[in-house]
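Please read through the structure below; I'll follow up with questions.
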């Protein structure tokens, strides 16, 4: 095991396995193996011009690709000293917000719900409750339309660039989705009410106190965390470079193509909905908090299996943010931006992707990226996943229930659709 | 009811989400049943299916086995997305030594077991239908599913992004703004998204391998340079998402 | 269908200004129950062909700078045309023919447009292109036919200063017009318009507008400009006869065709922008349990053209490139009795590679047949 | 120009399939019943429409017949792509199908009365030639000697196997078959169908030839017939190009200055030779 790596890069998502290490019939430890073949983005962003990198990195994750081009473009803007008009920035942000809606709904409906209602898949759930499914799909389809209008398509949007956006859509185009927001809000509330009234299966969790650190971006405004250059861990605020340069250590473990991140090399931490929700509950709109509390939920959520509550709250909050955006929307010409041809720049920034903090750092020399460092949310969560699952399940007799719980823990982290894998194949290894 | 299996290989999973979207339509849900998809259902192995949707490029022996098994169990195989059809963005590593590549990203490159260059699915098995796109357009997939359910297929149009651009009444960004654009050499299917946002196409549906040869690609590269791009950038852009087609065209292998 | 065949055309010119142009539009719209105006206009700083809310939308304060592979708008008064043409109205890029139910019952058949249309400020080359389309698809393509029937009147703007890429005079399509229109005008100066009529309707309208006979100096200036335009454009391409003879001689000269098409990537832009290209692909789209058959622009330079199940008749790009030229100059005359190219230059301007038809034609006649 | 007289249109007739038989692997003959009158000449084609998928040009493979007030027509369809796939896999007895037509000019049978007839067909090309045989059978006295040359890749790929022998039994008619590949028990020629042109038994000076098959076969057949002394005017070839409308709208079937759908599909060799010899025309 190598510790304290400098310039360590990560990748996420894709295929994974749950590995249960067993001792005399009882769980010794649990590890989540990411076996997805790596794609080496950090390698091939090198030598490319920063504007091309903005498009390329969105392919790191199909579900939250907008987070990638959002954070990359903003990192470059900041280090090149590009001033982005707040209204243009808002168009860029809105694409990211619409993506958050999409991602959360996909997770809660397609991936998490089957666990909450004990079906094998959403495919089974749909005929059981077609009405409610319709509501969820309405929100999903609306988020797609919003992303299409603002960014061109539901995945890998094409309307984000260094300096803001390529084109500010016409008011009439935006109106087409804005006018349906009211209906979608209703569908969402109906769906959310159902989900919030479900009980998280937390019998294991209650008995143990697993306390990984909670880490979210520290918002510069009074809003709920969105994007920032500061990190907040358990209430303490750090700069991005301090946190990712010194506090976090990176480990490349044999069982995973993803790099593991640990605070000081040993302690795990959690990013994502639950970290945001528990630390910044008060920054949610009152409307949202009231709604959540009607169903008996509020911060802090006691374990990760309850993270769907945070997702529902965030979706609600995000829809409200979009509503505000639509209300004052107007079109304007998009600016053109020149990328400096000479000089060396170190560019870093972070955004709250649906699954947690996404941190990018680039070094640009004479108009070309020479180094790219990308730390994705799942990378930061896998160590916590291992730790939580191990603590919760250690000593239990290896049976279907154990495997199921290991699966549920993974799913509730939503480690990115493809590797969250509702059906992580299980391997049991005797030690 | 047709049974559908979704096989995921190396990719960003964007196509999987588009698949999920295509399955949000009533008429599709009433004709198709997803019986295997690791993201969507707790089923670990694919049984016999009518249609296998294979997403992502083949990066390892393990993938190769998955794909062959899918072929054996599926009546109809669709390569979904530019990764599956042409290799996808990860093929940008082609031409570099894999060990250098691994070292650039991983402290312990020996843990990483992947092919030097990812393969398109059609390099491993016979593919019945291809839907390029990074990601694919969920509506195009829905169209395919609707037509397949009627016993037929969508009529295949082999055309450039320009076709959609002109049909949408957009103005060519190369001609009217001097912006480099890959539209003329890129497979249609996206509905000319980038030009509709006033920017040049960056080729995410892959190069129009059926119409190009080395010389034409070279003239096109020169045109991009004329429009202000550096040669490296121009070549990288062309390699982009359809590197498989780029390299076969450049090597003059097949058309 | 707009414009009577028997024309009360006059070579007589009248003089007026923009207000008279407005009056012409108003009177025409009144004569045809509020028919809509279609013409060129600026939309988000670009020239498009579409519905005009009034003639003041015409691109009166811009000029285009056209070169092979490049198009820019600058301030001026000599706007020629953009990538769109009246084809955009008459044969829309996507047009539905029929909607069919699952039971094979016809749910909807294309029935034409409700309002009449007045083509306003189109160019002589555009008018000629319509004539060619009429001869080739009028009465065949139901969408074209019905939309064409909706055209009640045609007002043409003559071109006094052609763009660098124009050669209409060399193919008898401009820069002036003598038949097939109701009213034509030319802008001698920013607000000095010369009018003429091409039909009894046009005559009536002009007399109601009350334009005066043009002065001799106006006519002289007009003719000088026209002559200059004509003689410049005529030298840009070989004579049609020369082109046709050489096409015949070297239709099989593969090397020549490969050479002139070497840059072509088969994107089809030339086809889409050409005002006389009419080829379509047809797609059946399933929407809400109905199947809608839609025609969409395609063209002979795209791969699909010549593709058949199990084979391809024009796989090599040079054969498709060649077909375009042959169709315009050899086959159209055999099909409709006239050259199918109106010399507008769009195919060269809007070719992203800047492949210039003029150059192809010149090389065709200059380079010795192998 | 006057208001459009009669605008061609995409309107089709709704028909019912009354029979479907397998001719060869992937090739089926459909019998279709129409409640309206429908006249067609041998060599003409229809646009067959499948809901949601599109239309394909398919030749009539028999002369339309009238039975109990219905018109019965036949089409032989080979599975190729988007639309034909659905016809073969989905449409069976009782299914609906849309039909537009007949289109095209057809074989000039009236003009060649009194002459000897040579028919050369390969693969699916046998389909548009079959109505000629049926027509001659009904009007035997109007024509001289008849030679029918049919070939396919394998014996099993020949169409109309159940009635081929009856063609040979038509008076003064010679049937010659070929298979590209040898097969056990195959008594006929092995090789290309065009080889059989060497064995023609007609008065070449007073004969016409009707040819339909893949483009290569058409070329070879024409060349060999010319070599045998046929005049260019006496050879007729049925051609194919991409065809999306059948009525001169889509433009994609252009062959030189011809539209195959309106000016063809049957062409006199002398009229097309100029184009026929150019690659990629």
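In order of appearance the chains are A, B, C and D, and numbering begins at 1 in each one.
Basically, a contact is a pair of C-beta atoms (placed from the backbone, for glycine too) under 8 Å apart; a residue touches a chain by one contact, two chains touch by 3 or more.
Computed from a predicted structure; not experimentally measured.
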Dominant chain pairing [most C-beta pairs in contact]: A-B
Of all other chains, the one whose Cα centre sits farthest from chain A: D
Cα-centroid distance, chain A relative to chain D, in whole angstrom: 62
For chain B paired with chain C, centre-to-centre distance based on mean C-alpha positions, whole Å: 37
Centre-to-centre distance between chain B and chain A (centres being mean Cα positions), rounded to whole Å: 25
Chain C-chain D separation of Cα centroids, rounded to whole Å: 39
Contacts with two or more other chains, residues of chain D listed in rising order: 51-54, 81
Residue numbers of chain A (touch at least two other chains): none
Multi-partner residues of chain B (each touching 2 or more other chains): 146-147, 154-156
Touching pairs among all chains present in the structure: A-B, B-C, B-D, C-D
Footprint of chain C on chain B - complex, ascending: 27, 143, 146-147, 154-160, 162-163, 166-169, 171-172, 174-176, 178, 181, 183-185, 208, 210-212, 215-216, 219-220, 223
Chain D - residues contacting chain B, complex: 50-54, 81-83, 85-86, 89-90
Of chain B, residues touching chain A in the complex: 8-18, 20-21, 24, 29, 33-34, 38-44, 59-60, 62-63, 88-90, 92-93, 96, 101-102, 104-108, 111-112, 114, 118, 134-135, 137-138, 190, 193-194, 196-199, 202, 204, 230, 232-233, 236-237
Partner chain D, residues of chain B touching it in the complex: 146-147, 150-156
Residue numbers on chain C that touch chain B, as the complex places them: 46-48, 69-72, 82-84, 88, 93-94, 262-269, 272-273, 281, 283-286, 289, 296-298, 302-304, 307, 317, 349-354
